[in-house]
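Here chain A shows up in two complexes: once beside chain B, once beside chain C.
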Partner chain A sequence: MRPILLAGHERALTQIKLVPPPFLPFPQEGTVNFVGWYNREGDLLFSTAKDQHICAWFAHNGERLGTYQGHQGAIWTVDVDPTSTIIASGSADNTIRLWEIKTGKLLKTWDFPTAVKRVEFNEDGTRLLGVTEKRMGHLGTIVVLDIKLDVNAEQSDEKVMTIVCDESKATVAGWSYLSKYIIAGHEDGSVSQYDGKTGDLYYNFPAHELNQQITDLQWNQDRTYFITASKDKTAKLISAKDLEVMKTYPADTPLNSATITPKKDFVILGGGQAAMDVTTTSARQGKFEARFYHKIFEDEIGRVRGHFGPLNTVAADPTGKGYASGGEDGYVRVHQFDKGYFDFVYEVERERQNRLAAQGH
Partner chain B sequence: EDAERISSADVAVVEARRRLLNEWYDWLEQMEEELAEEREALGLPADPVAALLEQKMAEVAPDGEEQVIE
Partner chain C sequence: MAAQTKHDWADDDDLDEISTDLPPPQKIQNKDGTTTIIEYRFNDEGQKVKTTRRIRYITHREVVNPRVAERKGWAKFGQSAKDGPGPAHDTTTVGENIIFRPSTNWRKDARDESKDPNAQAMKDKLRDKKVKCRICNGEHFTARCPYKDTMAPIGEAGAGGSADVAAGLPEESAGAGAAGAGKKGSYVPPALRGAGGAAGAGAGERMGGKYGERDDLATLRVTNVSEMAEENELRDMFERFGRVTRVFLAKDRDTGMAKGFAFISFADRGDAVKACEKMDGFGFRHLILRVEFAKKAQ
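Right after this comes the complex of A and B.
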């Protein structure tokens, strides 16, 4: 199927989130920014870019629901709470903001001394972490905020916890299963495991090549393992419990993003070198393609082209139906998987499926 | 002879994949079991998101009837 092209940003994309549609029918009053909200068919897609608004879209038809206006700088990151009620965003204007999805209303602003590069809700939406930038007398930190998943509630000003990254600043971070750990990826290529409640550092190890920045960290559905992308041209599948590197996916270009597909055992990687960093003149110089790998066998199984610049972010649809990519070119491309994708299995996978079927699973 | 060599190489590849597949699913199963036990021990619902959605639905439609939207 042809991808849907979303042209709602004027600048490079920074992050994409695909979520199931809100499960509740919304009342009509107050929904000034949005149209077609009663359609519960499609997933929602949220995108942020270096321009100053967050976009919300219907993933199945590319219709734009609306924008969230208020940030005064590039927006680096967005996340959606597990009930699709609230989004959080982090920006170069040194704030984290909370927004009501259905009305576009700004619910809360937290100020920080530096830019916010990543935000993520924990599994039950009670906490939000933010990764703050290192700059002039400020070390990089991971801050934790208490969240009330109620658009009418007053959100607390207080930070519950601050983890200071004095070795190497964190570039990305997220919450494991049970919010037991905070896992961070660092500028120096290492990965850290912190206690989710106390912030104590349990373990730090060089998952990627030294000083090759970790650019992305995304979870599987129950948050027991995650994938990291790095400028060292690899992505790695790592267990949250003991930080064991279980799989490595080698690419031929620096990576900006990696995501795990539900339903099928694949991972999708995105990257590419910016034109100004490319010294060769080959036709594929930038390699602006989404790369599919088999999650278990680590083989590359396919590529999807389309962007005119590096892929800055890739996100798998949580229902397994498709994926989206966001490029330095300012476009979001939404792909629905076709039959061939679902039919593709290795012989040994078919064997296993047959065996399970025979056992009545 | 060539054909034999090729087919034994194929067999080795398939064997290796079978091993990888089994290792992966063994790990996954063990991890899922561990997680389920931990959730139970903490008195948490098996699926955190499903539980949240149920709770939210109950607030909106306390009588449990689903609203039909045309």
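Right after this comes the complex of A and C.
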């Protein structure tokens, strides 16, 4: 496969997202913080970086649709609504902003006392959660906003709900199936389950090693389970309903991001030594590879090289045909899988397929 | 074309720099279905650059969601507002081709390729080696020898060293021999070669004098070896008869294929005699080996 390199940011990427169909990541100037997700149809890809604009790209050829200008600080996160009409972004300038995808127009700005590290729409796009940083005497919070999925509608200023994380600040959060729960990952390595309507804490579970921050949380397609990536060098597959750790994927480097691939039962992990440690630790190549694991058998099945800095974010194409990764090096790399990727099955899987085929006839 | 031939070739540069208008881009349809596109532009130094590209257009039809199709028609905005249709060169490039084929034992595969051959070959080479000082034959490196300032190396010490040379050198130079005979040991000025050569029983001016020493003792020459043979295989075959100190399989420098002959040195001459009898005429990889004692090079 030939990756497409997108260089639209001047600094490290923070997140990439694909419009419901997946987006391809493009290089940003500077480090890429986040490769936004592909949108639901997988044709658009959004990326945010530590510079001050969001990029939208066409996933199939890497063409840049445009940039969303207006943030005054590094942008940490972006999310696309399920209808691919608007995107929300969270930034170090202490705002969450809403943008019209088609024109790049700023629709709404919400101000907060501290930086916003993560935003996510719920399944039907009526609500948006934002994770705010713990800083300057303010505790970390998860705020929920009502969203009208209409470009011309007046958005409400009111916060529907605020969850205060008084023990350990939340670093990532997301909506489960039917917006029933809000799941948050914390700085101390634990995962919490809150009620999606009232914000009551049901459950807090130390999924990862103590005080090893959870760096990413991404859902499978029906949002019944999710994958967490942590600085403790593992990624875990956890069910949303009872926070049961179903699978563990050990790696040899701190992880910054993890995603679940549709179509094939794989997960992709991204990480690498932190940029600030690269010169002070081993001179060996920094493990800046995307790692593929089999979702069920937990075996590592391959790696994809390319970045020359740690991977800050990985996003899978919702159609299952590719994935995108964004790195500290400022590039988004969009990959379309080859035939070999789709052909790969375990022996037991093949036997089962054959058995099912035999029964069918 | 005709106009150009009238110029002296020396004028061409000047003409190019003066003319500010570029020839129009050309598109030529080739018979084989490809299109040749010739474009001209000025580079950063103001030189005219001609770019010729041959392109084959392949129409790939894909049915997409109507909303996706609609989005493809959207106007660009923000920093991309001025970009034309298609990916812009400053933001989008195509990376190197990456071969990614998932596999359950990819880790083992990778290790087999990188570490194992080298480590294994090195182990094989060193299996029978001991560190031996060239000055006093002690078990230390020559550089560490306590006598290194007071004694000359054995090989240069005169006739008395003759036996030691025969015993010591094969081991020392085995590595070099296996590495492809590229290394001939350290340089000896012609004036001193006589002395060393005298010790080496008349090896004389020959550069490879050292090699001659061990050959006649317990070294077999094996010919009619298959091109696909490996040193390890030969070692395995001959080790049945006794301790093998050196296996040298001549290989083509470019292709890495065996050239068809090899030398096997034994520690003990009796083993070599046995091996010579048994292995001569032995069938190996569709070929019948011919084994004989290596002749002393003249």
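Methods note: the second predicted complex is superposed on the first by the 321 of 361 C-alpha atoms of A that agree within 3 Å, B and C clash if a C-alpha of one lies under 4 Å from a C-alpha of the other, contacts with A are read in each partner's own complex, and residues count from 1 in each chain.
By definition in this document, a contact is a pair of C-beta atoms (placed from the backbone, for glycine too) under 8 Å apart; a residue touches a chain by one contact, two chains touch by 3 or more.
Just so it is clear, the model here is predicted, and its values are computed rather than measured.
After superposition on chain A, the partners chain B and chain C are seen to fit next to each other with no clash. Look at A:Tyr346: by the touch rule set out above, it reaches both chain B and chain C. Contacts of A:Asp222 after superposition on the shared chain: chain B is touched, whereas chain C is not. Of the two partner chains placed by superposition, only chain B is touched by A:Pro82; chain C is not.
Legend: residue contacts after superposition of the two complexes on their common chain; A:Thr248 is shown touching neither chain B nor chain C.
Contact with chain C, but none with chain B, is seen for A:Gln69 once the two complexes are overlaid on the shared chain. Contacts of A:Gln155 after superposition: neither chain B nor chain C is touched.
Once the two complexes are overlaid on the shared chain, A:Asn211 sits clear of chain B and of chain C alike. Touching more residues of chain A than its counterpart among chain B and chain C is C. Shared-chain residue A:Gln336: touches no atom of chain B or chain C. Put simply, chain B and chain C get as close as 7 Å, counting only Cα atoms, in the superposed view.
Common to the chain B and chain C contact sets on chain A are residues 297, 346. Of all residues in chain A, only 23-25, 38, 82-83, 85, 123-125, 149, 177-178, 222, 224-225, 239, 241, 246, 265, 296-297, 346-349, 351-352 touch chain B in the complex they form.
Contact residues on chain A toward chain C in their complex (touch as defined above): 1-8, 19, 21, 26-27, 41, 43-44, 53, 57-58, 61-69, 84, 102-104, 266, 292, 294, 297, 299-306, 333, 335, 337-338, 340-341, 344, 346.
Those residues of chain B whose C-beta lies close enough to touch chain A in the complex are 14, 17-18, 20-21, 24-25, 27, 31-32, 34-35, 38-39, 42, 44, 48-49, 52-53, 56-57, 60, 67, 69.
Here chain C touches chain A in the complex through residues 64-65, 67-68, 71-72, 74-81, 83, 85-88, 90-104, 106-107, going by the rule given at the top.
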